[in-house]
Amino acid sequence: VLHAYYSKQMDVQHSRNAISWRKLFLSRAKLKATGNTSALLSGFAMVALVEIGIEPDVPSWLMVVFCVNTTLLVSIHLLAVMISTCILPHIEAVSNVHNVNSVHESPHERMQVFIQMAWTFSTGFGILLFLNEIVLICWIKFNVKTVNNNITAAWAATAVVIPVGILFLVFAFHFYRRLIAHKFQQTNMGLQDLDKMVTELGNQENDFNDIENV
Amino acid sequence: VLHAYYSKQMDVQHSRNAISWRKLFLSRAKLKATGNTSALLSGFAMVALVEIGIEPDVPSWLMVVFCVNTTLLVSIHLLAVMISTCILPHIEAVSNVHNVNSVHESPHERMQVFIQMAWTFSTGFGILLFLNEIVLICWIKFNVKTVNNNITAAWAATAVVIPVGILFLVFAFHFYRRLIAHKFQQTNMGLQDLDKMVTELGNQENDFNDIENV
Amino acid sequence: VLHAYYSKQMDVQHSRNAISWRKLFLSRAKLKATGNTSALLSGFAMVALVEIGIEPDVPSWLMVVFCVNTTLLVSIHLLAVMISTCILPHIEAVSNVHNVNSVHESPHERMQVFIQMAWTFSTGFGILLFLNEIVLICWIKFNVKTVNNNITAAWAATAVVIPVGILFLVFAFHFYRRLIAHKFQQTNMGLQDLDKMVTELGNQENDFNDIENV
Amino acid sequence: VLHAYYSKQMDVQHSRNAISWRKLFLSRAKLKATGNTSALLSGFAMVALVEIGIEPDVPSWLMVVFCVNTTLLVSIHLLAVMISTCILPHIEAVSNVHNVNSVHESPHERMQVFIQMAWTFSTGFGILLFLNEIVLICWIKFNVKTVNNNITAAWAATAVVIPVGILFLVFAFHFYRRLIAHKFQQTNMGLQDLDKMVTELGNQENDFNDIENV
Amino acid sequence: VLHAYYSKQMDVQHSRNAISWRKLFLSRAKLKATGNTSALLSGFAMVALVEIGIEPDVPSWLMVVFCVNTTLLVSIHLLAVMISTCILPHIEAVSNVHNVNSVHESPHERMQVFIQMAWTFSTGFGILLFLNEIVLICWIKFNVKTVNNNITAAWAATAVVIPVGILFLVFAFHFYRRLIAHKFQQTNMGLQDLDKMVTELGNQENDFNDIENV
Amino acid sequence: VLHAYYSKQMDVQHSRNAISWRKLFLSRAKLKATGNTSALLSGFAMVALVEIGIEPDVPSWLMVVFCVNTTLLVSIHLLAVMISTCILPHIEAVSNVHNVNSVHESPHERMQVFIQMAWTFSTGFGILLFLNEIVLICWIKFNVKTVNNNITAAWAATAVVIPVGILFLVFAFHFYRRLIAHKFQQTNMGLQDLDKMVTELGNQENDFNDIENV
C-alpha cells in the first residue's frame, strides 16, 4: 500500500512535469521557426528596398506607403529575431540538461508574453506586410511612364492579393479557434486526470492512516 | 491466459497508436518539405520581380499576366509557409515528448485539411506557376525591340514547357492514384489485422469466462 | 532443434527485411541529394536568365538555343524537386517508425520508376544542360560588337567543355556498369544465402518430422 | 550510514557539476545564436553598402552618418563572429567528452566577460544599428532630386522606427530584470539546497563519529 | 581453449571489418565535403561570369583566358558534384544499416578511383583555378581605360597570389607525404597485428589439434 | 589487489586516451568553424569585388591597396577552406569509429601546425582584412567627384574601425594568454594526476611482488 501511495504521488508530479516540458518544447519550436522565417523575409525586404529602381514619376504618397511598409516589415522581423535569440539559448540550456525537474528553471513561462508576441509578429503581421510589399513593388514598377503607366497590371496584382488575404484571415481565425478548443479539451482532460489521482490519493491516505491506526 | 488476454488488448491499443504516430511523422515531414521549397521558390520569384528590366514595348497584357502570376506565386508560397510555421511547432512539441500516448494531443488530425492545403499549394500549383514564370520572363526579355523581337525564342521556351507540364500532370495523377491504392490496401490489411485480433480477443474472453465459471 | 528451426525461419524473414530497408535508405538518400542539387542549379540558372544583359547583335538562333536550354534546365530540375518533395515525406514517415516490418508500408517500391526518373533527370541531363548553359553564356557575352566579337573566347569555352562532357559520359557508363555488376554479384550472393538457408530449413524440417514421427 | 554519507557528498558534487554544465550549455547556445545572426546581418549590411547608388545631392552629413553606421554595424558583428568562432570550439570539445567532471576544463567561465560582450554586441547594439541602417537607406534613396526630394517618405520611415526602438528597449529592460530576478531566486534556492545538504552532512558526520567512537 | 580460438578468429574478422568501415566513413566524409565546397565555388564563379561588366578595351587574349578559366572551374566542380551525388546515396544507404558485415556491400571500394578524382578535382585544381579567377577579375576590372589602365593594381593582385599558390603547393606536398607516411606506418602496424594474431591462431590450432589427438 | 593493479593501469591508459580525444574534438570543431566562416567571408569579398562600380577619379594607389586587400582576403580564406576540407574527413572518419583506441590513427596530431595555421588565418588575419575591406569600400565610394569628394565620410569610417581593431587585438592577446594559462594549469593538474597514479602503481607493484615473493 505504501509503495502504491508514493508511486501515485510521483505520477502527479510526473504529469505536471510532462505538461511543463511540452510547453518548453512548444516555446522552443516556435522561437526557432520564428527566427528562420523572420531572417529570411526581412532579408528579402531589405534587398528589395536597396535594389529597386524608383522612377521620378512614382506618386509621392506611394513612396511614403512603400517606405513605411518596408521599415515596419524589417522592424517587426528584427524584433522577432531579437526576442528569439534572447530567449532561445536559455531554453536550449535547460532542454540539454537531462534532469526532469530542471524544466522549472527555464524562463519560458515568465517570458510567455514575449514568445507569443514574437510569434504573432513574425507569422501574423509579418506575412501580411510581405504580401502588401509585393503589391507595392508592382505599383512602383508598372505604374510609371517608361512602361506607359500600365495601371491594369498593378490593379491585377492587388486583386490577386485580396482573396489570399481573406484566406489568410480565415485560416488564422480557424487556427486559433481550433487551438483554443483543443487546449480547453486537453486541459479539461488533464484536470480530470489530476482530480481522479488526487481523490484516489486521498482515499489511499485514509486507508493508510486507518491501517496505521489499527 | 490472463496475461495473453491483456497483452492482446495492449497490441490493439499499440497498433492504433502506431498508425497515429505514422500520420504525425508524415504531417511533420510534409510541412517541413513545404516550408523549405516554398521559401526558396518565393524568394527566387521576388528577386526576379525586383531585378527584371522591363522595356517600354512589352505588350500591356503580358505585364498584367506577369504581375498576376508573380503575385499569385508569392502569395501561395507565403500562405504555405505560414501554415507550415503555425502547425509545425505543435507537432514538434508532441514528437519530442517520449510518451507513446501523447500522439493524441497533437493538433495534426484536426488541422489535416490545412496541412493538405499547404502541401497541394506548395508542390502542386506553386511549381506549375513557377514553370509559367520562366516562360513569361522569356517573353518579356526576348520579345522586345532591343533584341529585334525574337519571338521564336519565346515560342521555343513555351514549347519546351508544355510537355514538361503534361509529364507533371501525369506524375501527379499516377502519384495520387497509387497513393490511394496503397493506402486502401494498407487500411484493409490493418482492418483485417484488427478484426483478427478482436476475434481472438473475444474467443479468449469467452475461454477466460469459461475458466472463471468453472 | 525446434529453436534452431524457428531462428532459421526468422533469419530468412530478417534478411528479406534488411534488403527492403537498404532499398528504402537508398531511395531516401537519392531523393534528398536530388532535391538539394536541383534546387541549387535551377536557382543559379534562373538568376542567370534574369540578370544577363542581351546585346541586340546576339544572333537570333543563339537566343532560341539559350531560351530552350534554360527553360529545359529549370523544368527538369523543378520536376525532380516536385517528385522529391512528393515521395520523400512518405519514406521519412516510415523510416521514423522503429518497427522492422513497417518497411513494407513505404511507397518507395511502387514509386521506384519515379525515383529513378528524378535521379537521372537531376544528376544526368540536369548537369549536362548546366555545362551547356555556361558555354551559351560565354557565346552571348563575348560574341558581341561591344567586346569586338571575341569569337575565340567563345570557341575556347566550347573546347573546354567537350572533354569534360566525354569524361562525364565515361563516368556515367562505368558507374552504371559497375553498379549493375555489383548488384548482380550481390543478388547472386543473397540468393545463394537464401537458397542455402531454405535447403537447411528443409533438412531441419525433415529431421524435425522424423523426430516427431519417432 | 556510511553509504548515505558518501552518496550525500556525491550529491553536493553532482549539483555543483549540474550548475556548471548548465552554464556551459547556455554559453554554447548564446555563442551559436550570436554567430548566425551576426553573419547574416553583417552580410546584408555589406551588400547594402556595395549596391546602393548614391546620388550627388545627398547631403554630406548624411553620407558621414551612413558610413559610420555601416562600418560600426559590420565591425561589431565581425567582432561577435570572431569571439564566437574563437571560444565555441573549446566549449564544443568539452561538451563532446562524456565525462561529468570535464566541465571544469572548459574555458567558458574564464571567458564569461567576452561571451557576454559578444552577446550584447550582436543582439543589442547590432539590431539597433540595423534598424538605424534601414532609416538611413530610406533617407538616401528618397530625399534626392531624382524622386523630387520626397522628404515625407524619409520622415515616415523614421516615425515608424521610433516606437519599435522604444518597444525594443522595454523588452531589453524587462528581459534583464526578469532574468536577474529569475537567477536570484534560483541561486537562492540552490544555496538553500546546498546549505541543507551540508547541514545534514555535518549531522551525519557527527553521528558517524559517534558510532565510530562507540 | 576452444572459446579463445573462436574469439581470436572473430578478432581477425572484426579488425578487417573495422578497417573497411573506416574507409567507408572516410569516403563519405570526403564526398560530403566535396559536394558542399564545389557547389559553393561553382556558384560564385557563375555569378561572377554573369554579372561582370566587360569593357571593350579588355585585350582579346585576356577574355579567352577568363572564359577558359571560368568554364574549366565550373565544369570541374560540376563533375565533382555529379560524382558526389551519384556515389554518396549508396554509401549512406549502407552506413544506415546497423549490420557490421554490410560494409562489403558498399560500392565505395570499387569506386575508389572516382572518389579520389572528385576529391582532387574539387580541393586541388578547383581552388587553384578559383585563385586564378580572382586575379583575372582584377585584370579585367582595373586594366581598362575607364580607370586609366591601372596596371599596377592588376600586377599587385598577381604578386599576392603567387606566394599563396606556393604555400598551397607546399601544403599539398606535405599533406600527401605525411598522409602516405601515416598510412604506411598504420598498415604496417595493422599487418603486424594480423600476423601476430594469425601466428597465435596457428599455435592454438596446433594445440587444439594436439588436444583433440590426445 | 591484482584487480586494482590492472584497473589502475587502465586508468592511466584511459586518461591518456581521453586527452587525445579532447584534442581530436577540438581540432574538428576548429576546422568546422574555420570552413564556414571562411567560405562566407570570401564569398562576400568576391561579390564586393565584382559588383563595385569604380569611378575613374579613384586615386591609383587606392585601387592597388583595394586589389591587394581583396586578393589577400580571398586567398587566405581559400587556403583555410582547403586545409579544412583536406584534414576534416580524416578526423571525421576516426571519430565515427566507436573504438576508444582508434584516436591514435587520426592525423590531427601530425597536422597540428596546419590546423593552427588555418585557424589563425581564418579568424585572425581574415577578419582584420575584412574590416580593412569595409574601410576601403567607403573610400572608393565616397571620395569621388560624383558625390563631391566626401572625404569626411571616408575618414569617419576609418576612425570607427581603429578602436574596433584595438579591441580586436586586446581580445586576441587576452584570449591567447588565458588559454595558455588555462592549458598550463590543466597540464600541470594532469601531470600531477598521472604522477600520483604512477607512484601508487609502483607501490602496488611492490606490494604485489612482496605478496608473490611470500
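Letters A, B, C, D, E and F mark the chains in the order given here, with residues in each chain numbered from 1 onward.
Everything below uses one rule, namely that a contact is a pair of C-beta atoms (placed from the backbone, for glycine too) under 8 Å apart; a residue touches a chain by one contact, two chains touch by 3 or more.
In this text the structure is predicted, and so the values were computed from the model without any measurement.
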{"item": "Shared chain contacts [subunit D and subunit F, defined touch]", "value": "none"}
{"item": "Separation of subunit F from subunit A in steps, with touching chains one step apart", "value": "2"}
{"item": "When subunit A is superposed on subunit E by its C-alpha atoms, the rotation angle in degrees, nearest 5", "value": "180"}
{"item": "Copies subunit F and subunit E - interface residue numbers shared by over half, same or different", "value": "different"}
{"item": "Where subunit B and subunit C are represented by their mean Cα positions, the distance between them in whole Å", "value": "22"}
{"item": "CA centroid of subunit A to CA centroid of subunit C, Å", "value": "38"}
{"item": "Sequence positions of subunit F contacting 2 or more other chains", "value": "47, 51"}
{"item": "Ring walk, subunit E to subunit F and onward", "value": "E, F, D, A, B, C"}
{"item": "Subunit D residues touching subunit F - in the complex, by the definition given at the top", "value": "39, 43, 46-47, 49-51, 54, 56, 58, 60, 63-64, 66-68, 70-72, 74-76, 78-79, 81-83, 85-90, 92-94, 96-97, 99, 102, 105, 107, 110-111, 114"}
{"item": "Interface residues, subunit D side, partner subunit A - complex", "value": "18, 21-23, 25-26, 29-30, 32-34, 37, 40, 44, 47-48, 51-52, 122-123, 127, 130-131, 134-135, 137-138, 141-142, 146-148, 150, 152-154, 156-157, 160-161, 164, 167-168, 171, 174-175, 178-179, 182, 186"}
